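Each structure below appears as structure tokens.
Next, two complexes with chain A in common: one pairs it with chain B, the other with chain C.
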Partner chain A sequence: MKKHSKILDILFTVAFPVAVWLLMEVLCLIFKQKHVISTMLDVKTIIRNAGIAAVTAFALSFNLKEGRFDLSLGAQRMAGTIIGGLIAMALGLSGLWLLLFAIAFGFLFGFLTGMAFIGLRVPPMVLGVGMALIWEVVPYLVSGGKGLNLFGVEGMTVLTESWFQILVVVVMAVLVFLLMNYTRLGYETKAVQGSQLIARNSGINIFRHAVECYALAGGLVAIAGVLDVSYTTQMAANLGNTSNGVVTANMFVMILGGYIGERTDSSVGIITAAFTLQIFKYGLSLLELSDPLISVINMLVFIGFLVFQANRHKVALAKARKARIALAQKFKAERAAA
Partner chain B sequence: MKKILAIVLALVMVLGLAACNNNGDNTNKKHKIGIATVHTGENWEIVKTYLDTVVAPTYGWEFVVSETLSDANGLIAFMEQCYAAGCDGFINMVTSSDAIIQGATKAQEWGMWFVTENSAYVEDVAGLSYNLGHCGAGPEAVGSAYKKAFEEYLSDGQPHSVILFEGAAVGGDKGQGAASHFYSAVGVLEAFQEVYGLTYEAPIADLVNNQNPGEVKTNNPDVHIYLYPGRNPADAVTALSPVLQSGTYDIFAAVFSFAAFTNAIDEVEKASGKDIKIVGTAQIEKQTKTGFETKDSTGDTVLNSAILNDLSIAVGTKCIMLRHAFEGRADAMKENGKGVFLGVRSWAVNGADIYAKMEKLNTTPELYILSADQLEKFAKEGTTWKDLDNFLEEVSDINKLLSLKGLN
Partner chain C sequence: MKNKKKANPIKKILESRLFSQLMPVGLLLILVGVFAIATNGRLVTGTSLKIIVNQALVVAIVSTGGAFIFASGNVSLSLGATTVLTATLSVMIYNATGSLVLMMVSAVLIGVVLMATSALLSTALGVRVMYVTIVMMTMFSALQQAILGGSTVAIPTALSQSLEKGGFMYIAFGVFFLICVVLFHFTDIGRSLRFIGTNNLCAEQTGISKKKYLLIAFIIAGVGCGIGALVAVVRGGSVGTNTLTSLNMDCMLALVLGGMSIFGGSKSYVYSGVIGALTVIVLNQGLTMLQVDSTIIQAIRGVAFLALVTLSQVRPKGLPAPEG
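Showing the complex of A and B:
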């Protein structure tokens, strides 16, 4: 990979949210005579939503970047959050405990999904659909179909505090950064992302590694669930494989984060991508577009980015080809002259 | 020997299948009712308890309840299971027109009595003999309740402004969205129009049927109305955050999921020191009680007014309709041979004191609006759909309802 200076890398990273903010600021000023960010509450809203998106994207990235698309992540999020929440509420504990219980249960459901994966060797997407249907039933039964309702529950206010949410996201980002760069898991992840076969032949226990990825993803996605429910106050115990939409909605964050992270680090990239896309979405809301239209615009941008990702090497290839032809022509001309 | 055995077994099978054909008298048969639900949460659990503890023992029925469904495909798949399980009655809560049409057509094919929970009347299948029609939140009644609640707020002589989360209001008058959401929005706009003498730039129905969120031109600089159509409260919370922060609006109304907005509103109240009243469609459940009892940062209650619906009365009414059909009196539940629409009226509850009485409903078998006695009473021969409609009208008055249940 081409090496750039640190300053250029930082500028490249910061350019994404700044460029999107400028674009939306201009559009909002032209069409609505409004600023994208007018008050501290706007900042808080963007931070909160970006935090939830970033944590979900971290969770997705653990398996997806290794070719395993876990379609039960949404169900793990729902099961971890609802069961953790119900236990914390039953014991009269605070929001912090709710978060810890949710992480523990998310981790457990992720671990069990991973064990099912290595035990059954079913393709991950097929397994994900089946496990999602199972995990969706668990919170439904535990809550008696009621789901989790934090409306008016004492002791949960800490979860809605911006400082707490920022702290959670920063801790998660640091944790993921450390895990991916300074631990065996990170080393194995890079190896498996390169080639699973070579990784296995090199002595990496790819099955244990898969279970670790599933478990970590489950724990992380439960954090996103808690951050979400703390603000909207309720999470329904939905059945019928309807729980994964909130997770897959953050696929763009993960993929854009991967691109931005090429110049810095994947955790920095994902957080930057989450902020970039939240500013974009917030700007579209300020333009008073309908929900379906906002979804269409988001998806078009996503597809456009995927097209760019799939073809960006072509520019470099064309440049190299041009240089090669120029060199050959020069050589031919020199020989003719000689 | 093998041939004889094969012939005997084949005969047993044929006779067994013939025995399955049941065209005879079924008055002593234990009826099985399939219920396709779209509901979840505490309110739905109250209904399930009602079915198990009140309807099932009173009518001697058995219920087969679906998981949460969302579309016609899910409905038909569940109906097939119910038919195979021997259900002869079906309560459908999937409200899209295509689901109702497909469901009623399938029920007709199978000879299964069919009744739908919906706020709009679907004419296409109303003439099918096994389709008993609809019973759901009466859309005009919900609109009237909203209008009433808002007229009380706006009658203080001060200019007020509202943000209305309209839910699935768009197309609700054309069988595309939710009719109750549509008429809720209409009720709010009518209340503003009448109290402040506003002249809107377009007919109210056109304003509500606009997909894009935005401010309605009221031609009164002191009165602002912001309409937000959308089915996802989480997206709406984010999108409405800057609108709430503008400081222009002092009332927020949500046609569903009011609780999802309370944190966002509280943040704005804390930042601006301004009280924003919340009006929301709600059910008789713990969440509504919490809303009326919890104080926000300005010292006011979190929920100021509730447009209350009760799902159990709607389900109970549908069970009465099915009971008449089972007893051979389906025509009593029809008008000119067509399925009817019975609208459950909503209650406008402006304050915690009235809600404190209403919340006692549905807490014991006797305190369901359609308790065992009422179910027996309305199942008697001679009862028609008009009697049920009159009852729904009677209990639309909060005082009459509370007196009927001994809660006044």
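Showing the complex of A and C:
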């Protein structure tokens, strides 16, 4: 693998948000005579949205990196946040407790999904569709169809504080970094990413590992749910397998984060990608594009990036082939001359 | 003397081809029977059966096309979004031109183009099918919202009623289904797709082009989405952002309930979508007639889906993964 200097790696990482900010700044100045970031509110909004996107992408990455796409993550997010929130409110507890309860329930739903996966052993995407149908029903029934409403509830102000949201995201990033680099789980993740079959044959308990990944993803996605509800003050209990949209929308963050993180670390990559894409979306919204249109543009860029990802090795292969041919021709010419 | 392991007779029956062919029909008949008794015959009255058939048509058409993709061992999550976007665009074309023929032709063409784009991204540009279908699902859905805003588009009521009375929905379904049966069970297309689903590597080594057949599968599914969109427009008269929101899930559910193996391969049948669609609607209708809460119906659908997927596959020793 090609090694780069640390400074180049840092520059490569920083280049993404800076380049996107510059692009959007130019576009906004040309078309709307506005700056992308002009007030503290802009900074706070970007930080909050990037935080939600980053935590969701962390949750996705636990399974998706190993080829499992859990389509029930959105339902776990909804169930964990609503049930955790309702319990905290019923007990008259503060926002911090809401977060802890949400994490606990998200973890529980993730754990149960993981147990279903190792028990039924059906493809993860198919399992996700079925589990989403089941998990969506739980918060709907528990809340009587009302969902969670934090408007005017005392003790929840801490959740809306920017410092608290930044703290949560930073703590999550550090935890994921430690988990992925200094624990058995991280070691096993790298092994299973390489080959599940070889990992199993070398003694790794892939069943336990899968359940751990599902449970951690559930806990993390519930944090994203709490960060979201702290701003919107309410979360609806949706039915009809519609809960996963918020999660799939952040798949781009995870994939781009993986690419950026190749030079540093995946946690750093995901946070950088989250900020990059939030600046991009924020800029588009300043251009007064509608949310669906922003989503379409975002997905088009995502497709472009996926195509690049799937084919970038071809450039290196073509270069290597060219070099090999040049070497062969040089050798042939030398022999002919001799 | 060698100790030969006796094959478990129940396992043998469960894994037999005959069982996989008869089980979905049996399940449908059992459900009809149980709900007919439980609802004192209300489920099997002429009006009720007509409602069931009409409701099942869109799901049956789209999932019949989708069966070609599933047979190759791939899963498409964008069938619903493609159908709804196609319906929206075809209605807009009718409203702009006033031509029914143009609306019908454009619906099929739009469906094909949208699905073929998904296939080409995977086959020609190397993006994983899983990523492509998820991105396309999100993008088509957002595109429809961007086009419609909060409004709906509609064809004239007189037109939708005359098409419905003229039996357009049944003719469209019948023709498409017959063509699909021939293509799937009596031509190289179906055989090759099933072979790819059974053993991808082996199929390629015997000269079957996975890319070519995957593209064909997506194109046929696109035709299904186009015809499904037309039937949905004729039935509903209008299209909005809340139209057919559960179509994607219903198609997956229908294929599984209809006996299609989620891994594709030799135990794939093109009629799975039709039997499954009827089963899904009978389940919904029966439970609704018994005044079961719609929330609980969703949970029952989820449990039934997972139970049938589990039953329809041979449980792997390891965990499902691309390498096996």
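Please note the rule applied: the second predicted complex is superposed on the first by the 338 of 338 C-alpha atoms of A that agree within 3 Å, B and C clash if a C-alpha of one lies under 4 Å from a C-alpha of the other, contacts with A are read in each partner's own complex, and residues count from 1 in each chain.
Everything that follows uses one rule, which is that contacts are C-beta pairs under 8 Å (C-beta built on N, C-alpha and C of every residue); 3 or more make two chains touch, one makes a residue touch a chain.
Given the structure is predicted, the values throughout are model-derived calculations rather than measurements.
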{"item": "Fit or clash between chain C and chain B when superposed on chain A", "value": "clash"}
{"item": "First, second, both or neither for A:G152, with chain B first and chain C second", "value": "first"}
{"item": "Superposition-derived comparison: chain B or chain C, residues of chain A touched", "value": "C"}
{"item": "First (chain B), second (chain C), both or neither touched by A:A310", "value": "second"}
{"item": "Touched partner set for A:A59, first chain B, second chain C, both or neither", "value": "neither"}
{"item": "Touching partner for A:K44 - first (chain B), second (chain C), both, neither", "value": "first"}
{"item": "Touching partner for A:M172 - first (chain B), second (chain C), both, neither", "value": "neither"}
{"item": "First (chain B), second (chain C), both or neither touched by A:T232", "value": "first"}
{"item": "First, second, both or neither for A:T160, with chain B first and chain C second", "value": "first"}
{"item": "Which superposed partner A:C213 touches (first chain B, second chain C, both, neither)", "value": "neither"}
{"item": "First (chain B), second (chain C), both or neither touched by A:L141", "value": "second"}
{"item": "Selected from 92-100, 218-226, 236-244 or 308-316: the stretch of chain C that, after superposition, runs into chain B", "value": "236-244"}
{"item": "Intersection of chain A interface sets (partners chain B, chain C)", "value": "145, 239-240, 242, 290-293"}
{"item": "Residues of chain A that touch chain B when the two form their complex", "value": "34, 38-42, 44-45, 49, 144-147, 149, 151-152, 160, 228, 230-234, 236-240, 242, 281-282, 285-286, 288-294"}
{"item": "Interface residues, chain A side, partner chain C - complex", "value": "67, 69, 116-118, 120-127, 129-134, 136-137, 140-141, 145, 195-197, 200, 206-207, 210, 239-242, 245, 248-249, 251, 255, 290-293, 295-296, 299-300, 302-303, 306-307, 309-311"}
{"item": "Chain A-facing residues of chain B, complex", "value": "40-42, 44-45, 48, 67-70, 74, 211-214, 229-239, 241-242, 245, 257, 259-260, 262-264, 267-268, 271, 286-287, 290-291, 293-294, 302"}
{"item": "For the chain C and chain A complex, residues of the former touching the latter", "value": "75, 77, 121, 125-128, 130-132, 134-135, 137-139, 141-146, 149, 245-246, 248-249, 252, 262-263, 294-296, 298-299, 301-303, 305-306, 309-310, 313, 315-316, 318-324"}
